[in-house]
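Single-structure report; data block below.
Chain nomenclature is as follows: A, B, C, D and E, assigned in order of appearance, with residue numbering initiated at 1 for each chain independently.
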Amino acid sequence: MAALCLVLGTALAQSAGNEAPRLTLSYGQFGLVYQMFSITIATMGAGFLFFVLAQQNLAPRYRPAMVVSAIVVAVACYHYFRIFNSWNESYRLVGEVYQATGVPFNDAYRYADWILTVPLLLVEAVAVLALASNIASGMIWRLALAAFVMIATGYPGEISSDTGTRLLWGTISTIPFIYIVYTLFVELGRSLERQPARVQVLTRNLRLLLFASWGFYPIAYLLPLLLGGGLNASGIVAVQVGYSLADILAKVGFGVLIYFIALEKTAHDRA
Amino acid sequence: MAALCLVLGTALAQSAGNEAPRLTLSYGQFGLVYQMFSITIATMGAGFLFFVLAQQNLAPRYRPAMVVSAIVVAVACYHYFRIFNSWNESYRLVGEVYQATGVPFNDAYRYADWILTVPLLLVEAVAVLALASNIASGMIWRLALAAFVMIATGYPGEISSDTGTRLLWGTISTIPFIYIVYTLFVELGRSLERQPARVQVLTRNLRLLLFASWGFYPIAYLLPLLLGGGLNASGIVAVQVGYSLADILAKVGFGVLIYFIALEKTAHDRA
Amino acid sequence: MAALCLVLGTALAQSAGNEAPRLTLSYGQFGLVYQMFSITIATMGAGFLFFVLAQQNLAPRYRPAMVVSAIVVAVACYHYFRIFNSWNESYRLVGEVYQATGVPFNDAYRYADWILTVPLLLVEAVAVLALASNIASGMIWRLALAAFVMIATGYPGEISSDTGTRLLWGTISTIPFIYIVYTLFVELGRSLERQPARVQVLTRNLRLLLFASWGFYPIAYLLPLLLGGGLNASGIVAVQVGYSLADILAKVGFGVLIYFIALEKTAHDRA
Amino acid sequence: MAALCLVLGTALAQSAGNEAPRLTLSYGQFGLVYQMFSITIATMGAGFLFFVLAQQNLAPRYRPAMVVSAIVVAVACYHYFRIFNSWNESYRLVGEVYQATGVPFNDAYRYADWILTVPLLLVEAVAVLALASNIASGMIWRLALAAFVMIATGYPGEISSDTGTRLLWGTISTIPFIYIVYTLFVELGRSLERQPARVQVLTRNLRLLLFASWGFYPIAYLLPLLLGGGLNASGIVAVQVGYSLADILAKVGFGVLIYFIALEKTAHDRA
Amino acid sequence: MAALCLVLGTALAQSAGNEAPRLTLSYGQFGLVYQMFSITIATMGAGFLFFVLAQQNLAPRYRPAMVVSAIVVAVACYHYFRIFNSWNESYRLVGEVYQATGVPFNDAYRYADWILTVPLLLVEAVAVLALASNIASGMIWRLALAAFVMIATGYPGEISSDTGTRLLWGTISTIPFIYIVYTLFVELGRSLERQPARVQVLTRNLRLLLFASWGFYPIAYLLPLLLGGGLNASGIVAVQVGYSLADILAKVGFGVLIYFIALEKTAHDRA
């Protein structure tokens, strides 16, 4: 574990160096990512206020899930704030275009964010499941380990501008990814049975959202390749916008849906 | 939906480039907008404190509306803070006048703000309605979609200094706008019937405020044209002051009025 | 109303231009204002914590007044923070004295602050009255209008270095001022009758404080004239120190006194 | 009173000018003060969290004292933050030593802090006493006045590098100081009688702490003289470290001890 | 005690001077530490939110421990924020490597942090013990003193690049260290007996965590020596990463484990 940590750490550290092919972005390309980061900060902040302030509407037993969501989006808000600043330091308006300043864009913040938030989201998902069905006690540890491997092996691919490397690590990373998504999907399905009707509908939406948002990450990861090779300007833009949208869905959207499930259950418990 | 998002995103991103005809503002023009932005930050902050602290006076069922208002003004406070900074970076005092520095004023923050806050305000309005009458369950989604289209189509017009383009997109954007305002107006009217007398008065004021504040936005949008063509100095000043005043009314004013409606209802419920 | 707003807005905006006769302040003069602004920030912040944290000692019906005070001092804290920064940007230590840098000191923050906080203080005063006597329902609106006129007409005089202009606008502004102070004084007197003895003593103090603090503003306004003509160095220092002290009394002092009145009443209600 | 204020204000304002004999500090001297200020910020912040969060363990009647302590340390945190920044702006690393930059170190923040916090601490001490014995109602006003005179007359001495002046004002300032410490000591002693045994032990500790921490201030004030004349480098270092330690004891230590007294009493009341 | 303080203070102050052998770090080395500091800030912040928000799930008697944990991680968050900034000011990207800027990296923040947080953690540990067994009342003072000596004697070794000095002070520091760890270990073992089964498991984990995290510090301290002499680049990197990981475990991990113990006990108490 500690060894894995150090390996990951070194990979993290090396990233910036590799990933600065000193690109030039068009005015629109730079601005799109800039605006996306700013709106993501605002959304995470809004989510934080929501998860803190709206807890009072839920029965006490459903509040821990909101606490977890509040922490997840606060951590993301912090990281997007740093990502936003790093983006601004990495490019400079020269005439009509944005040129790299030489300060490399720090993509490692994103993986640092995931290392902290993905386990928390898994805890939240399992907690929701635990309210509805019997969960084997070891599941959360297996999921957390898989998440760790998924992120740790995805990173070397992320920072490489070489198509082969990107594909190789992406494929390895996809194995634990499939394990996680499959497990959650099956368990969420199993948990449906004993739920009241309206909770069933919402839980189906949750399953869908989980599928859509988590599935978005590997797609964003592949966009540079699909958009014609390497980490060129439009590839970088696509990755950043894609990950940001996925983060909004997987963090704020996920938490809000769980809030509505908990709201239904609170009403149901009281009735 | 995602496609629409990307289209909008690209439009957002292109804005800054187009909108920098390197104007020179008089001392008073620059300062008026500067002061307006600062006072809007203070008002949004004050509104936030109010919506958080005054919740305790309301029965629990009316508090979610205050949570939504608190989030709306917090998001607006964030955006006006960035707008304020962008304004300061865009102009520089040279002798007696303010000259453009070349760093374009980032108008996209405003549309980013609307994309997040208008749906929240619609949720709040519908929630208020739902307390008083039966709302068809799909209405909130239709309103949200209309809002999205209204903002997305308004943006290309906003950033254009060409009168024709401004008029064209403005007209398209007005179609969903009319749908929203009309729907809310009719539904708020319908909800009046079963309310106690003092709530009726306040709800009529709410309808009026909604009408006045939302109607302010397209007027501000047209001011540059009315003030004699193009995005010249006084046009830009008029737009910024107009939107800021409209935002204060539509966000803080709206929330405060709903607070007083909820206060009446709390008293009425307890009696 | 909107017209008045725009008029005021323009006046606000023009202020900075007029008010920069590029003065030189002595070391002590600059430092006195500097320290006064810093201590005012600290006092407003302390007041905010007090009004938020001490609410719990009051019966629920007295808490809204504390919420209003909390908002008032938070807004003032924001404005004094900007005033403090503006002061630092306006002067530069050159040898033994502080010389104007050319960036004009932004006095408009103060009037922006008053536009937001004076109506809130009036609401708070009327709310206190309403607990003790019947208040004609239109009074708050008349007071708010008078306050608006008082501030809006005071501003053109404030930014003028011409004695005649200062006197003219000051006199006009004094008319609504007298209306407000007189009304509150009379009504506070009237509210005394049905109160318990200890509340009567505190309410008399409140009347006194209101009189003393509000009366301080026009005196500070006149100090430059009294100190020998125009807006020279000592005139500016006197105005800034005077307004800051008045703000501390009228905002924090006022709120704290109301807190003690409410504390008495809470004890009295429970007995 | 207002006159006294202005006198003090002027003294405050003149301080910076006098107190910049452009000293050179060794690496260790600069760093010791730097580190002391940083740790004081952290301690005040920690104290603030404690006083806010730990209130819930006390019966409601003991919470106001915690609110006062929370405000005191928040105000001190603000001032130490500014003191810390002022320290950094006043010296610059040149080779192996720190040389004065010419921007004078602003010692007035400390006296501004005391003007606000000492009365609050006296209120807190008297409130603790009032729980245990009858306090003559005028005492708090006499103590506050004495505190004001103590601080106002100490300041001219503080900013003087002349030994005679320092001694003269220090002696004058010591008169009200003795009055305050003596009064509190006697009253705390008197309050002991009717207390439960464990509260007596803690109150004796409180008396000791008060004695030790308040006594620290005049000692720190004299350190420059004791360390061999004038405000030389080691004199300045000793004063700053001394005052910081005294502030930690008199603010955080005092509040924590009162918390434990209140905790005992809460348990005792319930038993 | 005060004398010890001053001795420590001087040592703290001298550190920066000694510890700047103007190293050059590789891109990966600088970035690894940078990222580690950033993720530690995020983790401490997340821990703070958790300890504040999750208190509501515990019975009142277990909340004080969470308050202590909240304060510990808040103080650490502050210090890591300053450590992060100091790191960035100490090195500058020159071509492919990071060169020292001459502004020394301020390691004293870390020891300042420990001086404040280690006693708090000991208080928390003893409080947990006190819930389960009789604790001799003097133990907390003996532990606190030992902690003080451990940190005060460790510091001179930390800042020395001389192997002999490092070993000497490290050895001295290890004596109180062993006393602390041994005492807690034995007491935690003793407290196990009268606990419910699931609490026993968790308390055993706590003992393990304490052992592992506290043991990590002296190992990190020795890493520079193990990695081949002196405070060279990889030595510095190893120390910083090691201490950061240890801090996360000893502060956030420790608090979270205690939370789960308290959660079990809350359920047990209610059953």
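The criterion applied here is as follows: a residue touches a chain if its C-beta (ideal position, glycine included) is under 8 Å from a C-beta of that chain, and two chains touch if they have at least 3 such contacts.
All values reported here derive from a predicted model rather than from experimental measurement.
Peer 1: Ignoring subunit B and leaving every other chain in place, which groups of chains are still linked through touching?
Peer 2: Remove subunit B in thought and everything remains one piece.
Peer 1: Are the interface residues of subunit A and subunit E largely the same numbers on each copy, more than half shared, or largely different?
Peer 2: Different, since under half the interface numbering is common to both chains.
Peer 1: I'd like to verify one number: the distance from the centre of subunit B to the centre of subunit C, where each centre is the average of its C-alpha atoms, in whole angstrom.
Peer 2: So the centroids are 30 Å from each other.
Peer 1: How many Å are there between the centre of subunit B and the centre of subunit D, using C-alpha atoms for each centre?
Peer 2: Computed value for the inter-centroid distance: 48 Å.
Peer 1: If a residue has to touch 2 or more other chains to count, which residues of subunit D qualify?
Peer 2: Touching at least two other chains: none.
Peer 1: Draw the chains as dots and join the ones that touch; what shape do you get: line, ring, star, complete or other?
Peer 2: Shape of the chain contacts: a ring, since each chain touches exactly two and the loop closes.
Peer 1: Please list every chain around the ring, with subunit A first and subunit E second.
Peer 2: A, E, D, C, B
Peer 1: Would you mind writing out the residues of subunit D in touch with subunit E in their complex?
Peer 2: These residues of subunit D touch subunit E: 27-32, 34-36, 38-39, 41-43, 45-46, 49-50, 53-54, 56-57, 93, 96, 241, 245.
Peer 1: Subunit D touches which residues of subunit E in the complex?
Peer 2: Checking each residue of subunit E against subunit D gives 2, 5-6, 9-10, 12-17, 52, 60, 63-64, 67, 70-71, 74-75, 78-79, 82, 102-103, 108-109, 112-113, 115-116.
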